[in-house]
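Going in written order, the chains are labelled A, B, C and D, and every chain counts its residues from 1.
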Amino acid sequence: MSPEIARLGHVALETPDLDESLAFFGDTVGLEVVERTEGTAYLRAVEEWDHHSLSLTEADESGIDHIGWQTEEPEHVAAFAETFEDRGMDVTWVEAGAEAGQGGAIRFEVPNGHRFELYGEMAKPDAPAERRSRLKNRQYDPTDNGPVAPNRIDHLQIWDGDALQCAEWIQDELGYQVQEYYDLADGSRWGTFLSACGVKIDLAIVQSENEDDDAAVHHVAYEVDSANDLFEAHNVMNENRVPVDGIGQHGISRGEFMYARDPASGHRIEFNTGSYLTLDPHWEPVAWEENDISDGDDHQWIGGIDSLKRVTY
Amino acid sequence: MSPEIARLGHVALETPDLDESLAFFGDTVGLEVVERTEGTAYLRAVEEWDHHSLSLTEADESGIDHIGWQTEEPEHVAAFAETFEDRGMDVTWVEAGAEAGQGGAIRFEVPNGHRFELYGEMAKPDAPAERRSRLKNRQYDPTDNGPVAPNRIDHLQIWDGDALQCAEWIQDELGYQVQEYYDLADGSRWGTFLSACGVKIDLAIVQSENEDDDAAVHHVAYEVDSANDLFEAHNVMNENRVPVDGIGQHGISRGEFMYARDPASGHRIEFNTGSYLTLDPHWEPVAWEENDISDGDDHQWIGGIDSLKRVTY
Amino acid sequence: MSPEIARLGHVALETPDLDESLAFFGDTVGLEVVERTEGTAYLRAVEEWDHHSLSLTEADESGIDHIGWQTEEPEHVAAFAETFEDRGMDVTWVEAGAEAGQGGAIRFEVPNGHRFELYGEMAKPDAPAERRSRLKNRQYDPTDNGPVAPNRIDHLQIWDGDALQCAEWIQDELGYQVQEYYDLADGSRWGTFLSACGVKIDLAIVQSENEDDDAAVHHVAYEVDSANDLFEAHNVMNENRVPVDGIGQHGISRGEFMYARDPASGHRIEFNTGSYLTLDPHWEPVAWEENDISDGDDHQWIGGIDSLKRVTY
Amino acid sequence: MSPEIARLGHVALETPDLDESLAFFGDTVGLEVVERTEGTAYLRAVEEWDHHSLSLTEADESGIDHIGWQTEEPEHVAAFAETFEDRGMDVTWVEAGAEAGQGGAIRFEVPNGHRFELYGEMAKPDAPAERRSRLKNRQYDPTDNGPVAPNRIDHLQIWDGDALQCAEWIQDELGYQVQEYYDLADGSRWGTFLSACGVKIDLAIVQSENEDDDAAVHHVAYEVDSANDLFEAHNVMNENRVPVDGIGQHGISRGEFMYARDPASGHRIEFNTGSYLTLDPHWEPVAWEENDISDGDDHQWIGGIDSLKRVTY
């Protein structure tokens, strides 16, 4: 049986100032700091059970260390490793515990330079008693995390000099399903919106302006409850002097969004709500063409968020 | 020129446990404690400029000390006093500062036992620097007050053994405008919904089950931004083990609500949103009759909130 | 490979007055009528692609005809049929097209009397041009369906005289995953909250007051965008003289809800928002005990909605 | 006793295509058409009682005919007229009924070219029976007006070559109260935010880029219930191919907004929510300076909405 990937797990970011980045992602955004080791902090959202969906490591400059995906079963990690090695790819094993809370994992590069990690097991630590929700179906009482308190990691958007090639490799080798895609008037693919979990978009791969651009992460998105929360998040950012990149609704995915960036690292977070589930076992990708939505119709869906401000690996 | 009342200012409540009541109204509800003197704490909401809209005084048992209303001009206080004394009413002067932040005031009893206070001047203290909003048009950064953070005091609902007599006195002597009223099938007045400020309901006077019932306060209402906030408040109460009395929409006033009670004192707060403004200089009262809205249509508009649980003076 | 069920597809209801029930589910609730044949109407929500998630058939009295589930692959229908027949169960084949838009299907009884249907294929008809959304990732422009316009079917709640037996059969034979369950103080199982799709609750099975109660459906739930929409739906019901059964938040599933019933048939619909996804491939069921949430904490989570008002098969 | 103005009443707009403008303001926005005469349509919002808050008249090109304000008492109209004539201003009397539903009125020019109308009486026609709300405190059932259904007119923003002079005249001669103002770094006044009703901003006067710019209206704002409704309105505009000018939150007034323009006339509407009441009888204007909020903090508060796209008288 083929190994499978179950879902987006976490993103490992590098920041030149860990304390300031924690002030942003922890205090301002409202994520929970689960563990802090020498040089790295691990965070999760209030409705997450797994050890972390975000890690922040102090480094000389901002960057992406890797993007972590959980396999359907623990033994699928080795199965993927074997396949990749058979093709001559470089696969690095990460011992259990090297990344806090995580079982044995592999790391490798997806074309054209995106560093992926696959792991099968992740600890699910209890929230501290004073932070525990009274509801048994969530870990944290979210009412102490400010007015926003994102629920869970939702998706990543990455940019690539050959976005189509990158997306096709991920479809073919990792089995992600295409939910939507967008073609420019010249027939080229601008973006592919993929699902590892099979029921919603969790990875968007977008074409860089130049073929030579380095592989980069444009944003990591966390889900909030409603459009009202986007305005609450806007308010939180303004009160904390964090520049807001925009608020609006995407055509693709129908997600409503608010963007802000960590002042210390420049990593961008999207607060996201309103996207849909594809429970249909036979989902057919939604095909967009350039003129389906013009700038005038929904000026923020493309170009509205400064695409040059993204962080490379 | 006749003296006029400008608006509802505050309600002065008594509690058998000031610390616990502060834990409720301050930490759980999200009001700001502006000042605490021996035995009394003064609170205001994040969008209020005046010194307090709620005071809590430790006493042997729960009770209402008085309901405070601001006059249009400071000199109107004495003008009201003169009128009331001419009619042989008991009028008590309260010196400036006796109630923290407040100028000279009078207290007197409205039929049938409601203690009103009129004052003309109230301090507008600055929020502490670390709590000050970056926006110059509000005092506090509300994003530190939990997910709800009520904006401002909205209205009071009082119960009376002869609610019609009480309402008519307040119309005639204090000049409040009737916004809506509700008559039972037998022609008797069940409730009168009045406005001191002239643009929205700020005082509801409801008929008690028995004519001999003591004058009482059913709830004090604070405004929140939206129906979403009512669910947020519900969540906050559940996480803090505070019983919720109900959530829904009133027919009268069209206000959407969530009710909870201070565990220490039994005083009920309504989180309120969605009511309307009457900027019309010639507003005609809305006349409801008993069958206009039946229980089945809007089961919570009357009787849905336990009316016996109210606090007397 | 074992046959699998992919998701909840639809519920087939009977009503004594089809026109009136269509006025409710179509005009008031805001579902779309996709097709109407002699005696049966087929409806779907604005974000659904499949032919129907609700059918209404005129009958002498209100009732449930069947609950439809889609298999992962079309050929799984026959595989399930074979297994059931091997155990001596009655399995009825339904020809393709007998239920509009649907491929070949089987019907059978789950203990203790719930009529399930399994099908593998369902048509995905285009919305009429004048109703088509400009967004390619949804069929209908929802802004013509009133202020609520539910997105998609979310879950069913059924009641049973031996709810535990019913739930265990469904787990064992159909492979549904348990997301949460609730045990009474005497150790008996009150409710089991299952997932056919694997990522969210889509079937709740609750213990009837009496063991002899007939198998029944308590409600069918459709998802809306936010808590604000619950109040919008409340408003729509009041304006259309449809009694509202309650509005609030469940402890189990954390879903926020508003209930109303079709005046013609008594079938209850829940407008639902705010529940969570379990993308975790190793989800451990959430175990509730009777005292985890008391009536005072969240009075509507159990018993708040009149459980006697449910419709049998 | 000095004559007083009670509130903003309506705005009278000219459009080159009345039918298309009605398709926008009526069908898309969700205002109600109360009356249509030869060449003019009168509209009001679902929670308004007065005959109209917007009129649309077919003309050669888009323009503003006048802005209507209601006086506190009918006889104040003549009192204002007398004062203005004493100063040598041109005052034109408009007979009762010449503007549908309206009593006798005067029109005159405010510096530097804004056409104001003052009237004391306005009819309050009943909604048609089939459109009447079941709630006696509103005219229309809003659930038939799409997902947005603005409640009432909220404010106007006008632009002027000498905005300070214009604002001061309105303060001095018409008695409007200043709620907030904004000064540029060079000490000049960029905008004054005034209140005729005394409890909220209903007129904003903003400095044009050039002193010679004609007097113009930038937008008319209607209030909606919540930030969620702004996204609903965004959705409605996209589905109806109406370009959206932006969505966000203002610093001044704290109002959350969504802007769109009538495709036929170019008149801009703001959907607005979240602004505050100033019930304080001694409100002190909020004084902003240019650096209090920078572009980066809240990029949409100034300049974010294309100020050149405004319509002149």
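Here is the rule we go by: a residue touches a chain if its C-beta (ideal position, glycine included) is under 8 Å from a C-beta of that chain, and two chains touch if they have at least 3 such contacts.
As the structure is a computational prediction, the values presented were derived from the model and not from experiment.
Visitor: If I average the CA coordinates per chain, which chain comes out farthest from chain B?
Guide: Between chain B and every other chain, the largest centroid distance is to A.
Visitor: More C-beta contacts across A-C or across B-C?
Guide: A-C
Visitor: Just how far, in Å, is the C-alpha centre of chain D from the one of chain C?
Guide: Centre separation, chain C to chain D: 47 Å.
Visitor: Express in whole angstrom the distance between the two chain centres, defined as the mean CA positions of chain B and chain C.
Guide: 43
Visitor: So how far apart, in whole Å, are chain A and chain C when each is placed at the average of its C-alpha atoms?
Guide: About 32 Å, centre to centre.
Visitor: Using the touch rule from the top of the page, what residues of chain C touch 2 or more other chains?
Guide: 134-135, 225-228, 235, 238, 241, 251, 274, 297
Visitor: If every chain is a node and every touching pair an edge, decide which shape results: line, ring, star, complete or other.
Guide: Looks like everything touches everything, fully connected.
Visitor: Mind pulling up the chain D residues that touch chain A in the complex?
Guide: Residues in contact with chain A: 226-228, 230-231, 234-235, 238, 241, 243-244, 247-249, 251, 256, 274, 296-299.
Visitor: Flag every residue of chain C that touches chain D in the complex, lowest number first.
Guide: The touching residues are 133-135, 141-144, 146-147, 149, 225-226, 228-229, 232, 235-236, 238-241.
Visitor: Using the touch rule from the top, collect the residues of chain D that touch chain B in their complex.
Guide: Answer in residue numbers: 6-7, 47, 49-50, 70-73, 134-138, 151-152, 180, 197, 199-200, 225-228, 251-254, 274, 276-277, 279-281, 286-288, 292-293, 297.
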